[in-house]
Amino acid sequence: MTGLRPSGRRTDELREVNITRGFTSAPHGSVLMEMGATRVLCTVSIGDGVPRFMKGQGRGWLTAEYSMLPGATRERGQRDATRGRQQGRSVEIQRLIGRSLRAGLNFKALGERTLHVDCDVLQADGGTRTASITGAWIAVHEALDGIGLAEKVLAHQIAAVSVGIYRGTPVLDLDYKEDHVAEADLNLVMTAEGRVIEVQGTAEGEPFEMSALESLLRLGKAGIEELVERQRQHA
Amino acid sequence: MTGLRPSGRRTDELREVNITRGFTSAPHGSVLMEMGATRVLCTVSIGDGVPRFMKGQGRGWLTAEYSMLPGATRERGQRDATRGRQQGRSVEIQRLIGRSLRAGLNFKALGERTLHVDCDVLQADGGTRTASITGAWIAVHEALDGIGLAEKVLAHQIAAVSVGIYRGTPVLDLDYKEDHVAEADLNLVMTAEGRVIEVQGTAEGEPFEMSALESLLRLGKAGIEELVERQRQHA
Amino acid sequence: MTGLRPSGRRTDELREVNITRGFTSAPHGSVLMEMGATRVLCTVSIGDGVPRFMKGQGRGWLTAEYSMLPGATRERGQRDATRGRQQGRSVEIQRLIGRSLRAGLNFKALGERTLHVDCDVLQADGGTRTASITGAWIAVHEALDGIGLAEKVLAHQIAAVSVGIYRGTPVLDLDYKEDHVAEADLNLVMTAEGRVIEVQGTAEGEPFEMSALESLLRLGKAGIEELVERQRQHA
Amino acid sequence: MTGLRPSGRRTDELREVNITRGFTSAPHGSVLMEMGATRVLCTVSIGDGVPRFMKGQGRGWLTAEYSMLPGATRERGQRDATRGRQQGRSVEIQRLIGRSLRAGLNFKALGERTLHVDCDVLQADGGTRTASITGAWIAVHEALDGIGLAEKVLAHQIAAVSVGIYRGTPVLDLDYKEDHVAEADLNLVMTAEGRVIEVQGTAEGEPFEMSALESLLRLGKAGIEELVERQRQHA
Amino acid sequence: MTGLRPSGRRTDELREVNITRGFTSAPHGSVLMEMGATRVLCTVSIGDGVPRFMKGQGRGWLTAEYSMLPGATRERGQRDATRGRQQGRSVEIQRLIGRSLRAGLNFKALGERTLHVDCDVLQADGGTRTASITGAWIAVHEALDGIGLAEKVLAHQIAAVSVGIYRGTPVLDLDYKEDHVAEADLNLVMTAEGRVIEVQGTAEGEPFEMSALESLLRLGKAGIEELVERQRQHA
Amino acid sequence: MTGLRPSGRRTDELREVNITRGFTSAPHGSVLMEMGATRVLCTVSIGDGVPRFMKGQGRGWLTAEYSMLPGATRERGQRDATRGRQQGRSVEIQRLIGRSLRAGLNFKALGERTLHVDCDVLQADGGTRTASITGAWIAVHEALDGIGLAEKVLAHQIAAVSVGIYRGTPVLDLDYKEDHVAEADLNLVMTAEGRVIEVQGTAEGEPFEMSALESLLRLGKAGIEELVERQRQHA
């Protein structure tokens, strides 16, 4: 199997993970999440109040926004503000980040506050949405810790990883070189206990067998176990 | 198990499916897809040329747009044009529809043409995105048939269905009453041969076990087999 | 005169009129209005409250929105949400629909409620704005009936029709083939009693004589009398 | 009848008309059109080429834009650029101005050039859309004169006026005090020969009789005759 | 030095200044400011209340908007409303106008009112931003005078002028012919007492020496003294 | 003088300057510029071609965009893409950055290429616009170096700094605590040789004397000399 992946990694090997807590000090939580060359700045700001449709229920909320800096890729991207609206891809990703993080929170214990999560990709080399979720969870932890509510509000520890079929073989944590030619791509969000929060799998080329789906899920589950361990060292 | 579902359906029972081909005559393909009270008008227009980034490769393309009429729900929704941009939810859904349908097409055989798929929800009662995919596939078939290319371009027959966990039990084809209280929700897109094109599962309440995911996949696969049969009667 | 019109109709003959009340069940009123191949889905949702500038006066309001589905025409149209704003033509039409319907309502009797009228053109073959008004009036009737206020609030029964000069001859209810080559085009909105609510006439080619305007008005008046009759059968 | 109108005018009396040709010198045509306190700056710029859909036909085109300066009314209006789009009312008006002026031009004789007409309301006191048309026609004349094409391209001389029913009586050229309480409002665009280009009549209160419509048309026709005379003195 | 400037002016000579107070009567203040061929209509509307972030402090506010009519230049400009947003240049200028005028006001004495300043350029021939400031100050004076607060609220008299280096020589009040080839361009806003409110200098070609900056400042100061005199004659 | 500044700095003392070249590797140039707690990521991407209005002249171009991440400040900012357009402040700043950098380039030597400069503020503590210019210049150097054109294209070395009057005293390089209460604020952009590219000074409170302006310019000039030295160590 050696030599399959451009990076020389084993099929079940994560890229180097670097987590920098408190990368900036202005927001309540701030984490620079690095998986290989992918770098996402995840910040969390706690605001008073909740969106209008939730007022008066005594429950909190979490919203997430995701964006890629124009210089995050070799080929410069257009800035959302210039385009006048977000890219469809960003909209889809930030909805996933928000849903995933909300699944791990006890909003009753948070009270009428809103956690604003911002995931800004400084450099993109594949797996930015899953790196965002894994990193943002630590930033949420940091932010809640700062107001003494981490234990009460965090019902689940959450991490995410991508898996895919590359040259016919299931591989963990695809980088860009693998990702853009992969036959299938699956993003998995799970709790530390191995329960599923979100699964999104797509056939990029030919439709794939149910059995391949099962292999991908197993591989992803193992990767998330490692990431959960890494999060613990920083949260 | 009788009495579990508000509609009285069995857990593995689809809603009544009605497919009206040629509902309108202006576009190249036009299907009114009804699953219970959910009604989606799926139209397909064939245009010459392809988006700029694909020019000169001799390959075709398919784009999809999804929208809900303001009056499609009891509580009237705001029109996208009034808001000045699409809802995030619509963006996410139309990206899913596009990806799913593209996975079944041989673009080389289509040549430099673009299939414009429009899924407009006239009435929403749950499962609009999967009804859109199942209906749009028939409209694509109709449109390609009209230019004598159905056989060459359609590499796979595609259908989609939603499954979910409702009151602790996996059920097929959720309607709105079930959907908005379901513990988990999974949309499955497959080929007639039972291969996976897309799977999107979300824990709406508590994270769920891998074993539950497997049950949902099985249930969805069976539902898609039925839908594929219904499509055949109209395509 | 036989043989003048592409459809073979007499100059004073309406197209086939089909009115389907309760076409969808989610909104308070829902009518599928068909005039020949032109099909408009007219829905009405009743909301509490009125726009800010009218608050506290104890009077109701009606707003209308008009849109054409992209697949409504042979040449696919661009979706408003993609363009980021409504077409000028749609803006002009929905203002006409709103003004026309408001002229027939007793807002004092409605109280501080707003009728949201949506006219979505499923297929366009000329005369979509007048079909929208005629159909929407029935949907308004249905919606008001549902809250027991039809009699009190509906001060006038309203219908609309287009007339035009086609190959030198005034004709009633133009279809697209006639409309896009007509020398003059006039939209007329009237009450069941034959009083004028709105008249909009345009010289598409050469300016026309006052006497031609008078002929068009007479022809339109007769057409509206028929439409009023058809509305009665369904309202 | 004396004393009916707030301004003391006779029912068939225009406001004071002031036409300043060459009000600015940058554009090809520039007219400050004043009807009473209503002031519209009408400018015309001639550009090479035509919109894409008209290319290669050897014919010219005219487009019009209409806007009200925020300070044009006592109660300051919101600027379109701040709102991010034009008001519906402005869209409707500029479409009317464009249609009306185009009806008087021989585009074949213009060649592939575009006349850009801008009507910016410096002060609004009723009748801004008809003042725009009457003034813009002179600016178009001035612009075409400058390139030696006035005679060939101008097929018709065009003017516009508003008429309405004020306190039960048809009156000519309503000012704001009359306009906002008028029972009916009609804008009429005609050629110097008394042929109709556009008629737009609206019941602001109760629907009105056909006979009232006829009175309004007669009154408007007489007003336009006077305006045509005034245009001749400046064109 | 004679013959240096296209207009034949001396290097320290302003263009002809014309100030028309009360150019329109709808807004509280209205001034047509002309400097040579540059014409700006400056209007001021007084509104109750202040922006949300200032409420309850008993202090007033001033906001400014700046726009150029499409026909203000020989080459017609695109309308902001068509573009869907303001040009960057307009944004920058209106922020300068607002800051400059606010520096001269005692907002405590104004109470919770907002002065809405609109500067609309009817014709542009260089120096539109400085003409806007000088003219708007008079319109602000007129508006405050109308509510008896001019003396209390106006803490400073303010005027602005542009200076630049044209063919190696510092010149006052550049017109377009000079401006678009100038090596340096400096806009200066000062009080009647010669104190600085804003200075914005830019090297258009080569960077310039500090000593050149000092010459420009001196020249601008002298020009402002003249303008202040002209303002006094009209305020 | 000790004890005047919250940070304990001398009036003529810069904050700690940290320059990290190659902070990311995707774009052609990438610099993390830190001045105290202010952190700006400056990236440069080189693209083929120039904007349409410059084509065929054989000259290059530079454009700049500036944005603040939502989490860059304690109070979270709204994302431009959510607002649908850039803040006025960002527009003004990016125009300044672009003008300043362009003044130092020989576009003839660059040929028809465009340098896209992106300045994204990761954390804001005052002086973000001047830090952007100083950092972006290094990133431009890095990018040009990579294509072997640094020497030919870079005509001037450029740096920028802010100065202001804080509690009556001119101070260098204001941080946020000083900036938001400063009486005057001046941004200065200069070449390594001490020539002026841009000067923007604003009275935040009371208008200031010409002599104060001169003090600020001297202080800023000295600060830029130090920054130029720091740039040399990294370029």
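Letters A, B, C, D, E and F mark the chains as written, and numbering starts fresh at 1 in each.
Basically, a residue touches a chain if its C-beta (ideal position, glycine included) is under 8 Å from a C-beta of that chain, and two chains touch if they have at least 3 such contacts.
No experiment lies behind these values; they were computed from the predicted model shown.
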Chain-touch separation of subunit B and subunit D, in steps, is 2
Could you run down the chains that neighbour subunit A and subunit E together? F
Looking at E-F, C-D or D-E, which pair matches A-F on over half of its contact pairs by residue number? D-E
For the copies subunit C and subunit D, the interface residues, called same if over half of the numbers are used by both and different if under half, are same
Please work out the Cα centroid separation of subunit A and subunit C, and write it as a whole number of Å. 50
Distance from the mean Cα position of subunit C to that of subunit B, given in whole angstrom: 33
Subunit A and subunit B, separation of their C-alpha mean positions in angstrom: 27
Residues of subunit A that touch at least two other chains are 84-85
Select the category (line, ring, star, complete, other) that matches the graph of chains linked by touching. ring
Which of the residues in subunit F end up touching subunit A in this complex? 24-27, 30, 37, 39, 41, 43-45, 47, 65, 67, 69-76, 79-86, 90, 116, 118, 120, 122-124
Considering the complex alone, what residue numbers of subunit E touch subunit F? 85, 88-89, 91-92, 94-95, 99, 103, 156, 190-191, 193-203, 206-210, 212-213, 217, 221
